[in-house]
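Shared between the two complexes below is subunit A, which pairs with subunit B and subunit C, respectively.
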Partner chain A sequence: MEAITGWWDDYFFATIVVLKIFMASLLLMVIFGLIGAAAKLSNSIIAKKIANAYTIIFRGTPEILVVLLIYFGSAIALTALFQVFDPSIKYVDVPPFWAGTFAIALIVGSYATETFRGAFLGVEPGSIEAARALGLSNIQTFIYIRIPEMWRIALPSFGNHMLSLVKDTALISIIGLNELLFVAEQATATTGKPFTMFIIVGLIYLGISTVITLFVMGLEAYGRSHLRAVK
Partner chain B sequence: MSFDISLILDSLPKMLSGIGLTFQLLILSGVLGLFLAFVLLLMRLTEKWYFSFPAQIFIYVFRGTPILVQIFIIYYGLPQFEAIRESIFWPILREPFGCAIVALTLNTGAYVSEILRGAVLAVDRGLLEAGSALGLSRNQRFIYITSPLAIRLGIPPYSNDVISLLKSTALASTITVFDMMGIARTIVAETYAPYEIFISLAIIYMIFTFFIQKGFGYFENFMSRHVKK
Partner chain C sequence: MISLLSKLFDFKNKMGVKMNILNKKLLISLTALVFTVIGPANAEKLRVGMECTYAPFNFKTADGVLSGYDVDVSKGVAEILGLELEYVCQKWDGMIPALLANKFDLIIASMSITDKRKEKIDFSGPYRDSVGQMVARKDLGRDLFDSAGNPDAAAFKGIKVGLERATTYSDWFEQTLPSAKVVLYDSNEALYLDLLNGRTDVIMTNPMKAHLKFLSKDGNEGFELAGPVIDDVAYFGVGVGIGLRQGQEELRDNLTGALKTLIKNGSLKEYALKYFPFQIHNDKWAD
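Let's turn to the complex of A and B:
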């Protein structure tokens, strides 16, 4: 274990990078999921078709393929775009952080689309009718009835999506981001102790997923707190 | 930026030559993983803590870490130990293909055993009580009542897991296995045409996903053929 001394700070900063990717992709994932669910529930046939294509494509292709395609693809597309304005530009560098964040948010967002759609459909029609009877407007119904009921239904699957996001951050090392797996590879090259270095990465990921699992369990308990008095 | 059709036509046969390896990865680790999942399930269903606790730890660890990290630990990490290099497993763990199979098997085994447990626990208690009222033993109840019903309940989530496994096989390309993904990455490195190559490969994977879904759909219909629609 003494091989690790001197690498702690690298692991620490790499963990911060992973957490940053997680936060950024979580936000994007929720946005993609909500847009997708809204499109699937809308009356527009075109929006439905687009949302269906989105979920089929991103649920049917390997994650690593999406990450590589978005990273290299966006570099080429942006280069072509910038060359229109300034032909002297040879190559535009896309930051792997954002390419990777965007890619994993798109992937998990396609799963979240289905979760959110199901959760919105799972809201009791009786609650909506009660809200109408009480004279609540559409917006009020949405904020006070639909959202509180819907997030409780979505939470268990949503927790799994958060775990998928954390685990997918490991893929971003493939496009050269300085995160945990990348640090472990560098440390292995210097110390010649691959098992020690990669096990630490595994333990850090296990720690992050444990915290998320406990957080979701806490939220679920909070979501049920109004039911406890009935028992 | 242009879309080069002739390049796709050139590289498609090359990529499809890796289809065999992708299938081997999928089927070998799928079958071994199912067997492992069944063992883990039996360990968890016993009420002995020294069986169920190790199984729970195994599932927790393999579901809580990225599959890519697991692949790297097995491929790069294990040869650090002299004992591994001299053991009988070395011929398997020396090859990237063997490591990929081991990692995918352990990973999918952990996920599938949770699916199976959910399916077993979802079997209606009333049916099991009816079974014991008819004088069936514990083992008979498991074989004749729990198993057929649990298989039917487990098919939809299991088909999703097989699709995840198919997608995970692409990760074997990171440890120099030349499956479809590995070949595609070499072609992209040579030609620098990510759009053409990766999008056509994505379509190939989507076709597979479609067939896996259809296949399991038929199997589910077959298993529930006596259920009134």
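Let's turn to the complex of A and C:
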């Protein structure tokens, strides 16, 4: 194990990077998922079609391809675009952190779109009728009836999406971000101990995903707490 | 993009929620966050792409310091040309696409100059060998090469030669010594393993790799590099160079000139001796 002496700090900072990507992509993923679900449930045919295209494209293409396309493609496209307005600009860079975060949020967001759509459809019609009978406004119905019912339905799948996000952060090493897998490769090149270095990465990911699993389990228990008296 | 997405929200959806104002603001700030615009690059500052995982040519030490032969070469060139360098770590597979997408300006990553790569990018002159050499048992008891340094076909009779499949080395061997008995392997490691086990008597590979992975390891003292370095350009290419985007003739010539200076003043040899017991460039490149 003495091979990893001197690499602990690299692993620590890489773990921080992974957690930062996870937090940022989680926020974006929820936004993409909600926009997608809203579009799919809307009355607008155009919105529906765009949302359908989104889920078809991002659920149907390899994740690594999306990461590479967004990283390389966005730099080329944006540079060309910005040079139209200001030819002195040499390049527009999308940092690997944001390109990667955006890419995995788009991918997992496409799955979340379906989860959220299903969850909104799963809200009891009786609850909505009751809200109408009580004279609740649309916004009140959304906040007090739809959201509380919907998140309980969505939670188990949503937990899966969070785990997908955590594991997808490993994909970002391909675009050169100093995350865990990349640190392991660098350490292997110097120490010649690939097994040790990659086992550490595995353990760190396992640690993060265990915390998330426990958190989701806790939330699910909280979501069922009002039913305890019924049992 | 912003207007497109917020347009989605302008439609009254089934939920009857009007979130358009809130979301427009959110989307604008998010867009600004994601597409960070880097202004015009400083002309004197160049970004260098390398793997950062390819010891001993470019790698990070446990202290986080980027080191290796490629790194030394890049620093030597930067000093001569008065450039400021910034290093970008990039996986090998995406190296050329990243250069073309302007993620960095130079590739200094042990990339061999080949005609295929030249279709997409430009190269400076070479700064490192791309050559082959044989490794043999010390007690083999015969000279595989004549006094002029040419392989002696008669000396290869009765011995087995280990080679990696579909490499420059196997091409060279098939053309130069068609009568030799050859055993083909899929990996560099297997090549050394069977030489050690006695299944082959001689192997041919990259002498830098052979030194690092085999000859310098304990228990392999009974083996040595045999014969001269074989650098037939038709088979091995002209060497490893600095890659850059096409259409930058001035920069390319400056880089080549700087590399020639490094050869002449002995710096390149000095860099190589840090990691190998021999130099890994050809002095003729300075002419």
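Just so it is clear, the second predicted complex is superposed on the first by the 231 of 231 C-alpha atoms of A that agree within 3 Å, B and C clash if a C-alpha of one lies under 4 Å from a C-alpha of the other, contacts with A are read in each partner's own complex, and residues count from 1 in each chain.
Just so it is clear, a contact is a pair of C-beta atoms (placed from the backbone, for glycine too) under 8 Å apart; a residue touches a chain by one contact, two chains touch by 3 or more.
Bear in mind that the values here come from a model prediction, so they are computed numbers and not experimental data.
By the document's definition of touching, both partners, subunit B and subunit C, reach A:Ile76.
Contact comparison for subunit A: of subunit B and subunit C, C touches the greater number of residues. In the superposed model, A:Val201 lies in contact with subunit B only, and not with subunit C. Legend: residue contacts after superposition of the two complexes on their common chain; A:Leu68 is shown touching both subunit B and subunit C.
In the overlay built on the shared chain, the residue A:Glu114 is in contact with neither subunit B nor subunit C. In the superposition on chain A, contact is made by A:Ser44 with subunit C only, not with subunit B. Shared-chain residue A:Ile174: touches subunit B and subunit C both. Residues 68, 72, 76, 173-174, 188 of subunit A lie in contact with subunit B in one complex and with subunit C in the other.
The part of subunit A that touches subunit B in the complex is made up of residues 56-57, 59-66, 68-69, 72-73, 76-77, 80, 163, 166-171, 173-174, 181, 184, 188, 193-199, 201-202, 205-206, 209-210, 213. On the side of subunit A, the complex with subunit C involves touching residues 5-7, 9-10, 28, 31, 35, 38-39, 41-44, 47, 50-51, 68, 71-72, 74-76, 78-79, 82, 88-95, 98, 101-102, 120, 138-139, 141-142, 146, 173-176, 178, 182, 185-191. On the side of subunit C, the complex with subunit A involves touching residues 4-5, 8-9, 11-18, 23, 26, 30, 33-41, 52-55, 59-64, 88-91, 93-94, 97-98, 101-103. Residues of subunit B touching subunit A in their complex: 1, 60-61, 63-70, 72-73, 76-81, 163, 166-171, 173-174, 181, 184-185, 188, 192, 194-195, 198-199, 201-202, 205-206, 209-210.
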